[in-house]
Amino acid sequence: MCGIFGVQGHGEASNLTYLGLYSMQHRGQESAGIASTDGEQIYRIRKPKLVSDAFSQHSFQILKGRSSIGHVRYSTTGDGGMSNVQPFSVETDIGKISIVHNGNLTNYAEIKKELIQSGAILQATTDTEVILHLIARSNKATLLERIYECFEKIQGAYSLLFLTPQELIATRDPLGIRPLCMGQLKTGQYVFSSETCAFDLIGAKYIRDVEPGEVVIVDKDNNLSSSTFSKNKKRASCIFEHIYFSRPDSKVFSSSAYIVRKNLGRQLAKEHPLKADYVISVPDSGNYAALGYSEQSGIPFEFGFIRNHYVGRTFIEPKQSIRGFGVKVKLNPVSMILEGKDLIVVDDSIVRGTTSKKIVKMLKDAGAGKVHMMISSPPFKSPCYYGIDTPNKAELLASHMSLEEIKDFIGADSVSYLSEEGMYSSLQQGQKNNFCDACFTANYPVKPSQV
Amino acid sequence: MCGIFGVQGHGEASNLTYLGLYSMQHRGQESAGIASTDGEQIYRIRKPKLVSDAFSQHSFQILKGRSSIGHVRYSTTGDGGMSNVQPFSVETDIGKISIVHNGNLTNYAEIKKELIQSGAILQATTDTEVILHLIARSNKATLLERIYECFEKIQGAYSLLFLTPQELIATRDPLGIRPLCMGQLKTGQYVFSSETCAFDLIGAKYIRDVEPGEVVIVDKDNNLSSSTFSKNKKRASCIFEHIYFSRPDSKVFSSSAYIVRKNLGRQLAKEHPLKADYVISVPDSGNYAALGYSEQSGIPFEFGFIRNHYVGRTFIEPKQSIRGFGVKVKLNPVSMILEGKDLIVVDDSIVRGTTSKKIVKMLKDAGAGKVHMMISSPPFKSPCYYGIDTPNKAELLASHMSLEEIKDFIGADSVSYLSEEGMYSSLQQGQKNNFCDACFTANYPVKPSQV
Amino acid sequence: MCGIFGVQGHGEASNLTYLGLYSMQHRGQESAGIASTDGEQIYRIRKPKLVSDAFSQHSFQILKGRSSIGHVRYSTTGDGGMSNVQPFSVETDIGKISIVHNGNLTNYAEIKKELIQSGAILQATTDTEVILHLIARSNKATLLERIYECFEKIQGAYSLLFLTPQELIATRDPLGIRPLCMGQLKTGQYVFSSETCAFDLIGAKYIRDVEPGEVVIVDKDNNLSSSTFSKNKKRASCIFEHIYFSRPDSKVFSSSAYIVRKNLGRQLAKEHPLKADYVISVPDSGNYAALGYSEQSGIPFEFGFIRNHYVGRTFIEPKQSIRGFGVKVKLNPVSMILEGKDLIVVDDSIVRGTTSKKIVKMLKDAGAGKVHMMISSPPFKSPCYYGIDTPNKAELLASHMSLEEIKDFIGADSVSYLSEEGMYSSLQQGQKNNFCDACFTANYPVKPSQV
Amino acid sequence: MCGIFGVQGHGEASNLTYLGLYSMQHRGQESAGIASTDGEQIYRIRKPKLVSDAFSQHSFQILKGRSSIGHVRYSTTGDGGMSNVQPFSVETDIGKISIVHNGNLTNYAEIKKELIQSGAILQATTDTEVILHLIARSNKATLLERIYECFEKIQGAYSLLFLTPQELIATRDPLGIRPLCMGQLKTGQYVFSSETCAFDLIGAKYIRDVEPGEVVIVDKDNNLSSSTFSKNKKRASCIFEHIYFSRPDSKVFSSSAYIVRKNLGRQLAKEHPLKADYVISVPDSGNYAALGYSEQSGIPFEFGFIRNHYVGRTFIEPKQSIRGFGVKVKLNPVSMILEGKDLIVVDDSIVRGTTSKKIVKMLKDAGAGKVHMMISSPPFKSPCYYGIDTPNKAELLASHMSLEEIKDFIGADSVSYLSEEGMYSSLQQGQKNNFCDACFTANYPVKPSQV
C-alpha cells in the first residue's frame, strides 16, 4: 500500500514529484519522501507526515536537479518510522542509487537471512532494503545487469523506480502484481507513476503501463530504452486495485477503475436483483458500484450518507459512548430520506466486518426499513502477501463465517457478494489468468514464505 | 458563517459541545471555543484551530460542569484572531455571562459608536461584543429583561446562546434569519444547535426550531420556559442555508436540506431541459441538485469529478504553473467517462466565477464535448449583510454581467440559472415571505448600515 | 513581574521593541506582546510564548509603523491566558489607545466592582483593564486629562506606557514602586524600558528614570513634554528589584544592580564574619553578593555549582526519584573542589525554603564540610502586593520560623541574614524612605485591599 | 562532538539514559537517541531535537527493558539528519546489536571505499556505520572477537558502547582520544558515560575511566569482565576536553576539568603578568581560568559580562543592524563597573577570531580602557580530525596570523597565549605524551587520511 512517482529531465522535477505524490496520498499517509539528482549528488527529504505537511517551498531548493523520484508509504513499524521512510539511497561501487518500491517480496525473510549471514547490515525492517543490498553486492559492471541479477533472486510484488545521477529506471515484477504507468509531459519528458491520476494533475499524458518483467531506462537526454528480464506469459495483476485501492479516476492495468467499478455494480444487480426503495453507497469507495447497481436495477440512487470532511487524526469520545462512534463522526445517514425505506447498501468489500456492522446499525437507528448489504466483490477470505495491508486470516470475517453468520454478525437483513465469474466479466480485460485474486481464492501466484 | 451549540444539565456537557462543533466544522474553520459552568465559575477554552486540534482530553478536565456552549468561527481579523474567538465571557452586576453568536448585526457601527462615546471598551472587532455591553449596562434586574431591552436596540441577524451559572438561554432574531434548532437527548436534557446534524452525532432528537423572536430559558433542573419578544409575523430565514451552506443531512428551518436541493435540481431540469450525455456535479455541494436534475431529466448521473480527500491548507505550485491549479489538486475530472460526452454540470451558485471557469476548463481539457453549466439558484447579485461571508458587489459576477457575458467568462457552452419562482416552488414551505433572498433580489429585510 | 518597553518615531520600531523584550525575558516568560502604530491603525501581536518564539520576520510586516510598545508577562490565569496577554488595545471616543502595564493596583477589586455595577465589561482578569475603563469612561477632552483623572482613583504600583496613533506616553505611580527608565537612541528617538539592559542591546543611552508621579509625552516629531500629577515627596521604590529581580547589568532606580549586590555581599561579610574555605554562590542571582563577601572576607570565591544551560520546560523524573531532582538537573555541585571544604553559600533570599534545602543537601552529598547559608537580604516575611509574585504569608518560611528553625529546616550548619540597616547602607541612595521594604518589614506604603 | 551513555540491569534503564544525556547536552544539540533492550528486542527512539524535547513519558513505555544506551549528536548533514541520528541498530548473524559512538575514524574513507567495493550498503554519512559493517561481515563467532577484528582495521578516535540483548560493551580506542568513564549506581549497576557529570545527576559513583584499548563487558547479571586489544603505551587523550569541551564539573581523563582550567589561568598569570583593574571572563567557558588568573595575580575578578539565559535558536536582527548583534543578545558587558577600567579578558581559545572581535568591541563600546585578551591555551592552528568540529586550517586565525596581526584583527590592546609547556604544567597528569595536542602542534597521533 504505497505510491511511487518519478520524472526525468525537468527543471522542476522535485515539485512535479511532490504533485504526483499529492494526488496519490490515498495510497499511503504515514510518510512521504522525495529524492532528486542534479547529475552529481542525490538530495533527499523524507518525513513521517502527509505530503502537504512534509514539504515546503524551501524543500525544493534542497531537492535540486532535473530528475526525481518519490514515495508515499502506508504502514511503518517502530522507531517513529525513521528507518523505513523511502526513498532509500546508497552509495555503491558503481555510484549513487536511490530507490522507491511499491509491493512486497515474498522471499524477503530468506534473502534477509542470507544477507545477514554474509555480513550485510539491514537497518530498516522493509524488503526494499534487500533489493539495494543485492544490487550493491553484485559483481556485474552495470546497474542494468545488477537489476537483472537481483530479479533472479527476489520473488513477489515489486514496482520499482531507480534514480542515479545519470538515469531513471522503471521496472515491474514479471507477474505485474502492482501497477506502474508511463506517461509523458507536453514538453516531452517521461514520467512514471503508480496511478494515472498523478499524470492528470501535472498535465501529463498516459502512454502505457510498464510491462510485467520490463526494465525501462530513461537517460539524461530523455532517451528511452526498454528490455525484458522475464518472458513470463502469465500475469497476476492485483484485482483489488480495481475493486478498491486505486482512485476511480485512475487507469489501472490499462482499464478505468471507475468503469470497472460501475460494471461490478451492474453485475451485482444482475446476480442479486433485490427489491428496495433506494440504492445507497458507503462513501466514497462504494459510490461507483452503487451507481452501477442503480442503473442496472432501476432503483434510484441516493446519497444515503453524508461525509464530514473535517475529521482529524484524533477524536475524543464521551465516556458514556455509544457504539460505533468512530464511523459516526465521519458518516451521517440522511434520516430524512431513509426513514421507512428499504435499502440496498453497496460497499466494495467486508474485511473484519466491524465497519459494516456500524453502518447497518446507523441506518437502522436512522429509521431505515430493510437493509441489504451488497458487496461488489467475492468474500474476502485470505490475506494478501503482495503489498496490501490485510489482517490475519483469523480476522477476515469471510474466512470463518457462512453468509448467514455474516448477515447475523453485521445485523443486516441480507448480505450478498459478487461471484468470481461476475467479477471477471466486469473487467475490461477480464481473462482470469491476468489477475491475482488470492484474497478471494487463496490461489497465490507466488508462494508466500509466511504460509 | 458560524456554528453554535449548547447543552444544559449533562455530566459530559463540554464533550457533547465538542461533538456538536465537530459536526458543524463546515460552518467555520478559523477558530473554535467552548465555555462551561459548574454553577459557580465559567470555564473557557478558545483556540484559533479546527475543533479536532483545539481540544484534548485535558480540555474536558478544565471545562468542568454540567452546562456548556460552543462556537466555530469562519473569519477573524488581525492579531491572530485572539480577540474575536468566541465564546465571550463577562462578569456583570447580575453575575457571570458567556455568549456565542451566529449572525451579523446591521446597526453594529451605530451602537459601537454610542458605546464608545459613553466610555465602553471594545476589545474585539466583532458585533457580538456590543450585545454583551448592552446587557452589562442595562439597569434591569434580570438577564431576561436585559435581553429584551438589548433586542430593542440591535438589528440584523442573531442566533444567540447565553450561558450563566444558573441558566442556558437560546434566542433568535425576530426575522429568524439564522437557524437555531432545539433538541433533546434520550436522557431528557435540552440541546441547541445551528444544525440538526449535531443532534444526529450525539444521539439527540430534533424537537423544533427556536422561533424567530423567541427566548427559551432552560434552568439547572432542565425546566424549559419560553417567551417572545417580538410578534413580527414576517420572517426572513436565509435561503442560502438551503441552497449551499447547511449540511445536506441537516434539517434547516424545519425542512431537509437534502430534499430541498434535490427539488432545486428537479426544477432546474424542468426550466432548462437541455440535451446531454451525462449530468455531473461540482462536488460535494452540487451533488444533490445534480441527482435531482438527473432523475427529472432521465439523463444519467455520473461522478464526473473525483475529490482528493487529503488536500492540506497549503499547496506548493510549480513556477510554470498551469491556470487553475488550486482547484485541480482538489478535483480531477474522470476523463475516461467524460471524453467526447456532452455534459450538464450542476453547481449551487456562481459567486466570483473563478472556480466555475476552472471547472469548465478542466472538463474541456479532459475531452468533454459541450459543457452546460446549470446553477441551482438564481444569479447571485448582492452581498449578504447577515453573516454569510460574501465579496463586494463589484466582485459578484452576476451583478455586472449578462448571462451571455457570464457564459463567455467561464467558457461554458451555456449557463442556466434557476428562476426565483422555481426556487420557491422547490422549498417545502415555499412561501416567498418566509425567506431572505436578498443575495438574489437585493430585497434586504433589514436595512444594512453599510449600504 | 513584567517588563515593558516603548519607542517613538523609529523606522524599525516594532523590531526594537522585540529586542527590548528579548533582553527583559527574565521579567516574564509566560507571554509576549507588541503593539505598533503607523499614525492611523494600531497593530498587535500577542502570544503565550517566549519572545524568541512569539515573533517571526513576518510579524514585523504586520507590526507596521514608527511607534511601538511591548510587554512580557509572568503569570496568567485561565483560558490559556488568551484574555490577559498585553498590550491591551481599545477604541475610545478620543481615539485608539494601546497600553502595557508593570505593577499591581491595590484597589483593583473596588474599582472592578464599581465598573461592573455601572455596566462595564471586564474580559480579562487583570488590573490593567480597569485603567483602560477609567480612561474610556472619562468625560475629559484629552488623554492626558483622563490619565490624571484615572490616577486620582487607582492606587498601587503602575509603570505604564500608552500608545496612540499620535503619541507615546510613559508614566509611573507617585511612589515610584516599579521602575521605568528613559533612554535615547543615537539617532535621537526616545525609548522607555523597565530596565536599562534593553537600552544596551539596542545601543540606546540611559538618560534618567521617569519620575514617580510623572507623565512624559513624546509626540510624533519626538518632542518630549513632561508634567507631574503628584507632588508626593515620599518614595517607595521596590527594594527587591535591587536584591534579586533586575538583571545585574541594569541600572535600577538610577543605581547599578551589580554594584548594589556586591555591596550587600560585602556588608554581609562585615555582619557575619564566619570562617570557611570557600565562598560560593547559588547561581546566577547569588553571584555578585558572593563575590562581594569574598572580597571583604578574603575567603576565596569559587564557582561551586555548574549550571546546565539546556534545561527545558519539562523534565521527566525517574519513578524512584531522589529528592530535589528538579534543582539537580539545573545545578551540579563541583565535588572535586568542594569535598571536605567548609563553605559560605551566598543566596539573595529564602522564600519557601524548598530550594535552599535542596541546595544544602546537594552540597553535603558532594562531600562538603560545614555549609553556612548566607542571605544578602533580611528575612522575607510578608507578601508583595505590588507586582512581585510571592506566595501567601503562610508559605513564607521566615514568617513563622525562628533563625534556628530555618537552619534546621534547610539542613545548614548556620543561616545568616543581612540586617535591614546593612541593606540600606549597601544602597547607593540608601535613604530608607526612598524604598518599599514591605516584604521584610510589612510596612506597606499603600494599604493593599487584600490585607 | 558527541556524548554517549549506557546502563546495564536497571528497571528504569532508559530513563537513566535520558538523564545522562540531559546532563551532556552541551556535547551535542542536533539530535538525541536512546536504544534499550528487554533481553529480546531492541527498542529505539531517535529525534533531531534537544533531549528535553525528544522524549516524553510515553517514550519510556516504548523503550522497555533493563539495559539502555544513548547518544547526543552535534552535527548532522543532509536529509534533516534522519540517516545519521544514533543509536544505530542492526541485525547480524550473531544477533541484534545497537551502537553509539563518540569520535571520528581517520581511515573512514578507505574503509568505506572497500566496503562499497564489496557490496556493502552505507545509508548514513557517518563513520559509525562502517564499524557496524565490519562487525556484521566478520566470520568470528562472538561479538567480542569481531570487535577485536574490527579494531584491527579502524583508526582514529572511538569511544563506543554496544548494546545487545545480552550484554553492554564499552570500549575506547588504543590512544584513548575521546573520554569514556565507568561508574556504579548505589544499587550496584554499572554505568558508562562520556563525562562524569552524568553520574552526578543520577547519583552514581565514578569508578575509573575505561582504559585506552580496553573492552569492558557487563552481562545481564551485572558481571563485569575486561580485556585489552592493544597494549599501546602511548596515549593521546584530547587535551581540548580539558581546555574547553567538557563540563567543568566533570572528571576528564581522571582529572577535574575545573581544577585544570583554574591552573591554566594561574599559569597564564605567571607567564603574562600584565597590569589591569579587573580580570573578567568570556562566560561561561572562560570563568575558571579567569578566576585562576585573578587568584595568581591578585587582580580582582569581576563578572564583566551578563548572560541572557533566554536566547532562542532564532533571533531577528533589525535591518540597520549594528555589527556583532549575535553575541550582544547573549552577552552584555556591565558598563557600570567596566567604564574607564583596564581589563584582562580571559577566554579558552580563539578559533576564527570573529567572536573575540565582537567581545573586544562590546567592551570598548561599554567604556573599557585597555583590553588585554588572554587565552588559556596555545594558538589554535590545526584542525581536529578526531571528533571536535573545527573549521578548515585556512579559517583558523592563528594558522596564518602573527600575534601582532591577531591583536589588530580583534582590536585588543594585547593578545597573550599560554605556552605549550605552561599548558602541560597545569595538567594534573601533565606528561606531554599522554595527550593529543595536534590542534596546537599539528603533531597528529594518527595520520588523518584527509591531510
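We just call them A, B, C and D in the order they show up, numbering each chain from 1.
Criterion: contacts are C-beta pairs under 8 Å (C-beta built on N, C-alpha and C of every residue); 3 or more make two chains touch, one makes a residue touch a chain.
It should be emphasised that the depicted structure is a prediction, and the values quoted were computed from it without experimental measurement.
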Give the label of the chain whose average Cα location is farthest from that of subunit D. B
Could you give the separation in Å between the centres of subunit C and subunit D, each centre being the mean of its C-alpha atoms? 37
Per the C-alpha centroid definition, the whole-Å distance linking subunit A and subunit C comes out as 61
Between the Cα centroids of subunit A and subunit D the separation in whole angstrom comes to 48
I'd like to see which chains touch which, written out pair by pair. A-B, A-D, B-C, C-D
Subunit D-touching residues of subunit A, taken from the complex the two chains share: 43-47, 78-80, 82, 85, 88-93, 116-123, 129, 132-133, 136-138
Sites on subunit A touched by subunit B in the complex: 11-12, 15-16, 18-19, 22-23, 25-26, 29, 50-53, 55-57, 60, 197, 200-201, 203, 247-249, 251, 256, 258-259, 284, 287-288, 291, 295, 300-303, 306-316, 318-320, 322, 328-329, 332-337, 366
